[in-house]
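Next up: the structures, one after another.
Here subunit A shows up in two complexes: once beside subunit B, once beside subunit C.
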Partner chain A sequence: MQGTDHTMESQTLEIADLTCRFGAHRALDAVSLSVGAGEFVSILGPSGCGKSTLLRSIAGLEAVEGGTIRIGGQSVDGLRPRDRGVAFVFQSYALYPHMSCAENIAAPLRMSELGPLGRLPLLWRLSGRMRRTRESIADRVGATARQLQIEPLLGRRPAALSGGQRQRVALGRALIREPALFLLDEPLANLDAALRNRTRTDLRALQRRIGATTLFVTHDQTEAMAISDRIAVMFDGRIHQVGTPDEIYRDPETLAIARFFSQPHLNVVPAATLRRHIGGATAAGDIRIGGAALEGMAGVVAFRPEDASIRTARRPGLPGLPCTVDHAEHAGHDANLFVRLADGETAVVRIRSHEIADWPQGAEGVLHFDLDAARRFDAPQGEAETPSRAREVA
Partner chain B sequence: MTGSTADLRARRRAGLLLAAPAALLLALLLFLPSSGVLVLSLTDYRFGMPGASWIGLENYARMLADDRIRQSLGNTALYAAIVAPVSILLALWLAVLIEATGRLGGFFRTVFFLPVTATLVAMATAWEVVLHPSFGMVNVALAASGLEKERFLSDPSLALYTLAFIGVWKMVGYNVLLFVAGLSTIPKDLYEAAAIDGADRGWSRFAMVTWPMLAPVTLFVTVITLIRTVSEFETIAVLTNGGPNGATEMVLYTLYQEAFRYFDIGLASALAVCFLGIVAGASILNIVLFDRRSRHG
Partner chain C sequence: MARALGWTLLCLAAAVTLLPFVYMLAVSFAAQGTIYSGALLPAPSLAAARENYAFALTEVPLARFMLNGALVCGVLLVLQVTIAAPAGYALAKLPFRGRPVLFGAVIVALMIPMQVPAIPLYVAIAWMGLLDTYTALIAPFVISALAIFLFRQFFVNYPSEVIDAARLDGFSELGIVWRLMVPAAWPAVAAFATISIINHWNDLYWPLVVVTRTEMMTPPMGLAAFRSSGESAGNVGALMAGGVMITAPLVLAFLFFQRALVRGFGMGARA
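Entry: the complex of A and B
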């Protein structure tokens, strides 16, 4: 090992029609995804949507029912996990508790480069080749530890480490294999908020440096947006949309994705209700939402609280919805103002927090929103008759 | 500061009060008889004899000089040296197999637990039937396949090994249960990490995850098994009475004979003290090793 950094030959990953079933439940339903060499792709979705199952199928830890997985153009069907050239960082880290950190990091190399005899204590001293292999493994453990800045911890057992330190040891164990593909299953979930933000930046910097193709599972959309080249959004075992963070944020394909990316609130108003309040046209011309005319529009219109504003009186020429203030939630610089529309449903408006005093409960106002930032979606099943409400997304 | 000292004292008093009943019972049921035995082992007391006199360590000297007792100690050591390792390794092997079969696990667990729950005297009787010199099942089978019949329980060169076999049978179920319980606590993701690191089956997987993770259970099983093997009594009492010719005498049986057949309470007490020493030593070793593991683990 010459340099301190691992540089690995990154590989592409192609998944086609991957299906995986637990009993009658389809954990993965015809999942297809293409990842370029060196790309950092996040798998984002709510708990239980099949993110871990997808990652585990790629690693070969879960038997799949159908579909193909190609790593670097080669199908890995039937290959054992050890032969797929992937490294996996578990959410729980899964460090071997009886081994020191150095031994944990060395474990994959000991398995692949030392025979069963070479792994026995003492016996390896007899053979020059085994001695040299062992020395080379120790060197690489040192280099990896330097890279992750965990050298002082090498002699300790995992039980004597903090969560962040364990996470880095787990990363080291993955890194040292110089894998074609990194699979990270919520590696930051067990860290506190401040450490999580710092670690995700470090993780991305490390990934850029070594250039490894990476699949990163998370259920936190801000995390995914912050560090991904592209994001694959998953619901119920299916990938709903794949795109850059900006594409998905600005142009979500379904209402579910829009909700997921505008946490904690998204305003959803049926097009018909909207039309009743603001009409189909202004003096300036037809009202258009997401490029389509509101006149004759079906489905629902969604807009984010930050694209909405509230005024004390209607401005001529600017379409608005009359509303009554309910309450405000302070959120630091900004605040979320909950208002009741004329039909009694709730909407949320983002205001500056110093304006909270201007909007006491019961105050009357007019809600405006940026028509260009609003999007039209098909009405979700069962929600057509319960119009205009702000939803909290879990 | 005075407040907290008073508080501490009150808490200490409460603690003593709560521990007192257990401590009293422990003293009454354990330390009192044990020290009684220790005192008796230094006298020449016999049942039915009036009075006893202080003879110091003479009982211990007699014990070490007595051929029968030396043979009994040797038998116990040999018996433990066979039964403990065999029943532990066999149990470990069976437990790993049961864990791997998954679905049939419940069935096997019941099967292996049978010897543990069944009344031992009844089971020993069943063994007597199985091993009977002329019409026992084993001998019938031996004869049918053209081999000589064996007197399993009355051949001096065979009897101890027969008992050791029965001892393994008796011990293995309990050990399997302990190992299965231990195996079920090993996190699944460790096995998965090992599979990705290259240890996905067979020996490498066992050496990398199973064995180290089972170490505390193995330690516990070893100590328990050692204590149970050196305390073997029922099978001897039911099947051989220590015979033939002392070939199957072991410490507890000899102790029982000295005390309740020859009424030589002094000698029996000396034996009991030795026995208690061995068992207490094993327990203390267990506690010390456990403590060290949990502190450094």
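Entry: the complex of A and C
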């Protein structure tokens, strides 16, 4: 890890109005995104939202219909993938199956620095220049392998490696090119849970050390929040919100984003229901949610189970909703208590797991929630709970 | 019980298939007088074997025929693979307008027997003055629909992400074909090589159409000429010795490629 580290000249990435269509389906719908030099940005969304297509478009692997991509201020539209100066790590790692790990890692350098003659066996020995190039490639493969701690694996074929080892080899193949931009397409998805968490930390540490601008695609919001400088949330081929993990977690712009960042549960109660049943010393007119008065509010109010609490009796001076306990789910330190509100909606309250016994099925209680943490959203219409529809309603 | 029956049937089929070869070998080792003695297999004799093989080799240029066969099959195979591998890659992995139609055309081409285009091909070759040349023997078969089909079926299963990775790493499209796809598809290459070599080594029809000079003849054609040539008429032992000699390379090649052949077709069929 001494002087052998790759350090890259960080480059900015600017995407403007990128559109990509598969038949009638818009995989990317006017996507715009700016990434600063050395920044680590996650693209987060459910499967099929177009996040992989976005990454592939930046790499030049997907033909786009419109829009521009600039890397380091230079437009790369129309450039071949190899000329864009980007490195890609695929979810399946995409190693060359019949080559050893050393050959896999060396492949980008062999293709760019050796001519067709230099790649032939034996012939390269005749030329001093070719020999020196080959030696320099071998040195850099060794340095990259040291950096990733995969030196003992260099002679093996990918088939003889574990998932984590393959992932490192794939990372090495990307790293050795010293690219302007790293594109990582769910590189952790095929690892088991324990390894995934460790690799996540390693990956971010590596990225900080080499300072490469990185775009990281994932469907896992905890992964995105843990690793990113900023997150771009994508649904249906469009970026819906860009912000730091904290901004998006605290202030999701749409109900869909709120749901995505509150897995597995988010409580969503219509404002009208809330108005009807909320009781307390204060009148409904004095209750404010997300800076707006509940009186006359339309749409729905959402709050997380961890921002809710349940008591046997209303706390004086605080608004609360009467509810009936349905069942509890043990989750280690905490537990999720499922309750039914007066109008039949289900809500979830986070309690300590030792409190489960206090809340048998059918018990009556009052649900309080943190009014400052709650957010108001436009009501989803019927099955149209997609944020794009919700936006149209707005 | 069913297993035993299966074994018996397989053994019977194997025996029926092998018997002509065994008989050919036995007759090539036998003296002229003992062949029609009525025994199931004529008794071999070293002197008779030497005489039969020497006669076959000296009466006609059998070595030349075999050289011709090897040259035609070898050059043909190289050209067929050179053309079919990129074609199969394009049909399997490159989306382009008209690809389904083109692939359909390949399948249709598979079903057209050689005899159909024989006359126009002959006319064209004669018009170019290429009768009695290696070109006449090779050129009509250089584009093999079977090879394109086989490679396409094999390449379709190759992971597309690896191809994308190769494009990012700077491989050209042809580099992808020759450095990634073909090495991964060697069972298909071996399977096709076996079929192609057997077909063209054994082909009697096309050489009869375009070749008349003895020194351009391929093994089966040479053998046919040998059978009908004046002096050897009736010399069954020598004829069989010639048969053994031109069959041997194929049998050896098959034994060599056997495993790959089975794998190649097995995987091709699954796709």
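Keep in mind that, in the parts below, the second predicted complex is superposed on the first by the 374 of 394 C-alpha atoms of A that agree within 3 Å, B and C clash if a C-alpha of one lies under 4 Å from a C-alpha of the other, contacts with A are read in each partner's own complex, and residues count from 1 in each chain.
Everything below uses one rule, namely that contacts are C-beta pairs under 8 Å (C-beta built on N, C-alpha and C of every residue); 3 or more make two chains touch, one makes a residue touch a chain.
Quantities reported herein were computed from a predicted structural model and do not represent experimental measurements.
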Practice problem: Report clash or fit for the pair subunit B and subunit C bound to subunit A in the combined superposed model. | Solution: clash
Exercise. Look at A:P187 in the shared chain and tell me whether it touches subunit B only, subunit C only, both, or neither; answer first, second, both or neither.
Key: neither
Quiz item: Of the two partner chains, subunit B (first) and subunit C (second), which one does A:R157 touch, if any: first, second, both, or neither?
Solution: first
Practice problem: Identify the partner contact of A:R173: answer first if only subunit B is touched, second if only subunit C is, both if each is, neither if none is. | Solution: both
Practice problem: Jot down the residues of subunit A that show up as touching in both complexes, subunit B in one and subunit C in the other. | Solution: 56, 59, 61, 80-82, 86-88, 90, 92, 94-98, 107-108, 111-112, 173
Self-check item: Complex interface listing, subunit C residues touching subunit A
Solution: 159, 161-162, 164-171, 175, 180, 183-184
Self-check item: Interfacial residue positions of subunit A with respect to subunit B in the complex
Solution: 56, 59-61, 80-82, 86-88, 90, 92, 94-99, 107-108, 111-112, 116, 119, 157, 159, 173
Quiz item: Quick one: in the complex, what on subunit A touches subunit C?
Solution: 56, 59, 61, 80-82, 86-88, 90-92, 94-98, 107-108, 111-112, 173
Self-check item: Of subunit B, residues touching subunit A in the complex
Solution: 187, 189-190, 192-200, 203-204, 207-209, 212-213, 215, 296-297
